[in-house]
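I've put the structures underneath this note.
Two complexes, one shared chain (subunit A), two partners (subunit B, subunit C).
Right, the complex of A and B next:
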């Protein structure tokens, strides 16, 4: 089987993601705003309770926040827009008419769309929040460099796995969309889950002790939380290897289960008509 | 990959049934009811034929088209398209057919026509030389030169439909399935689409299965009409044969100076309309040949002009549906 259709799907969605330059700028402004507000909140909380041993230092919490903000569009907030549109117009039947493996076809599209959205934003925001902020004397509020070279390399591997994991979760939203013939459900379920469980709202290491193991073990932690912990060099229970293994575990199991769900969904479309 | 069975027919359908289960009341516990969309249809289409598939809304046309395309699974029955069973060999099957759903788009709104075609080249793994050849041929035949670089969302309906047809043929399918390809098109676009499909069949021997509500499509294209109603095949014959068996009547219109006189007509002819200066007579040429009827009325006082016409195909088909209570 040739890889070409899937690379093409990837290229297409990557291009579409890059096409919305105004959205990148608007998103950047919004993310800077949310980032700054969050930082100020942390600063006042940390200064109000200087004796508490927090799992993250203030500087680490700030860096965590900046990376989260710059990777916001990497989160699986809902289905792939193209699949949402196709479900509404009925053009989704054409996806059944292509001589391709539908899972890989949609997955490569979804991954490219996430990366096409996230990469330009991440590069821009980390430049602004990192080196630029330091240059203008806001070093204390800036995005800190990685803990070490090794952390940087491992974080890069981990964020790649995180992107794949996110695209795999988007596949679940895509299937939900194909079943309900509307993208709304996927956003209603996907956005709150992703924002809450990825650590976007509050860094997962800052939750109470008793709930932290569960938060680390759920799939959304593998998208940005585990890569950021590796970047910061903060300890992960079981070490970096456990972090990477959790990510791989979720990619593999969500793929296997998702493929079953997809087969069942395609069967249902084939039985009931799209 | 399964070897295609040697057969001269591109499509064979045998006792095909499809029942949809509808949940009533919309709740989880609602009662279910079975709706029979196809009630055992059989037909075959030889290679290189254009077969028209017609029937009123809800007759089962779309269901049959979807099954033949491989996107719907029948309840029972046998289907072979190019020797393959569409729903069990989906990937191999869809690689060899082209499909156009007139009301849906298979091109990408965000891309130009050219980019969309290039994408389909990769999806269908068309070799570069073959792609370049096909693209040039289709651009020429469907007059796509001016719109290749426009994005699909900017195209008019007529332009888009021509691009859609090109998209369905970029991989040289043996069979083209057209589901209402002329819906909403203006007259020149309809003529262009018909002329193209006709040439495609003549020059390349592509088998075409066409559904439409536009009887002129059928008259212009289809060597053969399959009429479907209530999930059954009501007729399967050349269009001319359908015309003769369904509505062989002709219409004779007479214009007069002043008020038309009272008429006494021979058997097989009857007056069907009368206006201040004209009379319309409907007659069956098997009972009273046209020349005899014209001779009969030719001497009428005040007769100014007369015309003989055949009922329109829309009238024929409406009559056919009514006769079969479809």
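Right, the complex of A and C next:
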């Protein structure tokens, strides 16, 4: 079995993501705005309650927010747009006819789409929020460097797993789209889930204590929350190994279940159009 | 010259017909509508869960009680939901009217372009955000200690002022499309970003942001000051409390300025079509 078709699919979607430079700048402005509003809100909440021992220090909460903002487009907000269009027009049958493994074909496209969107934005925003903010004297508000060299390396491994996990969840949205023949449902379900459960809305460690173990164990934590905790060096119950194995567990189990669901969906797929 | 009503519809009659047709069209797919409205409700409810969690952990939101924060949150969300319901035509203006050239057809009709664009769609989906915001607003009034009877008068006018302000932003965004053709995501900073900033008390932000959301975008005038007035809460920044009873007018003033901008932009319109 050759890898080439999957690499081609990856390359195509990666280039589409890099194509829209204005959109990248527009996204940067929006993310800086949301970052600034959130940071000021956290700062004044922390300063008003100096005695509270929060699981994250203010500086860590700020760094968490910046990384989370810069990785916004890595979240599985909905299905791959190309598959949404294909489901609406009926062009999805072409994908069924290809002599490739459909799961891997769609997965490589989805992964490339996420990375093509997220990588340029993340690099740009981390330059602005990190070194540039330090230079203009906003050091207290900037993105902190990683806790140590080791945690930087482990965080890099973890975010790679996180990207793969996100693409796997996108696959579930893709199948949902193929099943309902409309991308709208996947966005209606995917966006709120991803925004809340990944820690985009509020860092997962800051939620009430009773709910935190559940939040760490659910799959969306593996996309950005676990990598950020490793980057910051904040303790994860059971250590870094738990974090990485949670991520791997979710990638494997969501892939196995997803493939099963996909086979069932493809078998009974009714396509629109003649 | 008054024309006989049987031959020409009044502006209100015309709008009512367009809105009616739009509602019927949206209810054609009741399943999709229900999923989207529920998704909208859940997304915004989760947003408040994030704020509540911060409150739970730190004991206050920068010294503010949960009731006041809930009133602010409810006000800004209800106002934005109303603007989203009415202003869909302006939101999609760039892609659906300017780029395709179909704005030319609107210009041929003997009616105000603003009225015709308002009639583009009366969107039902934001009802989720509306109900949730109203729910949080009422809960906030229940929890806050010193609610004034005059709140019954001031809060509706604050909601109207806020809706006018957000509608103004959408009209301004559409006017910008005459230059940019495609809609720009950056404007989301004023809509979704405005909702984000409006749900926190003004004191939590740095001076530049406070000035921006008071004098450029009159967000504080339609949220913060009316809320303080209704709850009889003195302003830590030193403004007299009565100002909140008049400040919602700022939202209408902003709308007025944006309508002027719109008319100037339409006067300079050059079609992109053939």
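As a working rule, the second predicted complex is superposed on the first by the 269 of 274 C-alpha atoms of A that agree within 3 Å, B and C clash if a C-alpha of one lies under 4 Å from a C-alpha of the other, contacts with A are read in each partner's own complex, and residues count from 1 in each chain.
We adopt the following convention: contacts are C-beta pairs under 8 Å (C-beta built on N, C-alpha and C of every residue); 3 or more make two chains touch, one makes a residue touch a chain.
No experiment lies behind these values; they were computed from the predicted model shown.
Once the two complexes are overlaid on the shared chain, A:40 sits against subunit C while remaining clear of subunit B. Contacts of A:89 after superposition: subunit B is touched, whereas subunit C is not reached.
More residues of subunit A are in touch with C than with the other of subunit B and subunit C. Of the two partner chains placed around the shared chain by superposition, neither subunit B nor subunit C is touched by A:156.
Within the superposed three-chain model, A:4 lies in touch with subunit B and out of touch with subunit C [touch as defined at top].
Of the two partner chains, neither subunit B nor subunit C is touched by A:257.
In the superposed model, A:135 makes contact with neither subunit B nor subunit C. Across the two superposed structures, the residue set of subunit A contacted by subunit B and also by subunit C is empty. Subunit A makes touch with subunit B in their complex at residues 2, 4-5, 7-8, 12, 16, 19, 82, 85, 89-91, 93-94, 96-101, 267, 269-274. Residue ranges on subunit B touching subunit A, taken from their complex, read 20-21, 63, 66, 69-73, 87, 90-92, 94-95, 97, 99, 101, 103-106, 108-111, 119, 122-125.
On the side of subunit C, the complex with subunit A involves touching residues 32, 35-36, 38-39, 42-43, 46-47, 49-50, 53-54, 56-63, 184-186, 188-189, 193, 196-197, 200, 203-206, 209.
Only residues 23, 26-27, 29-30, 33-34, 36-38, 40-41, 44-49, 52, 54, 182, 184-185, 187-189, 191-192, 195-196, 201-202, 206-208 of subunit A touch subunit C when the two sit together in their complex.
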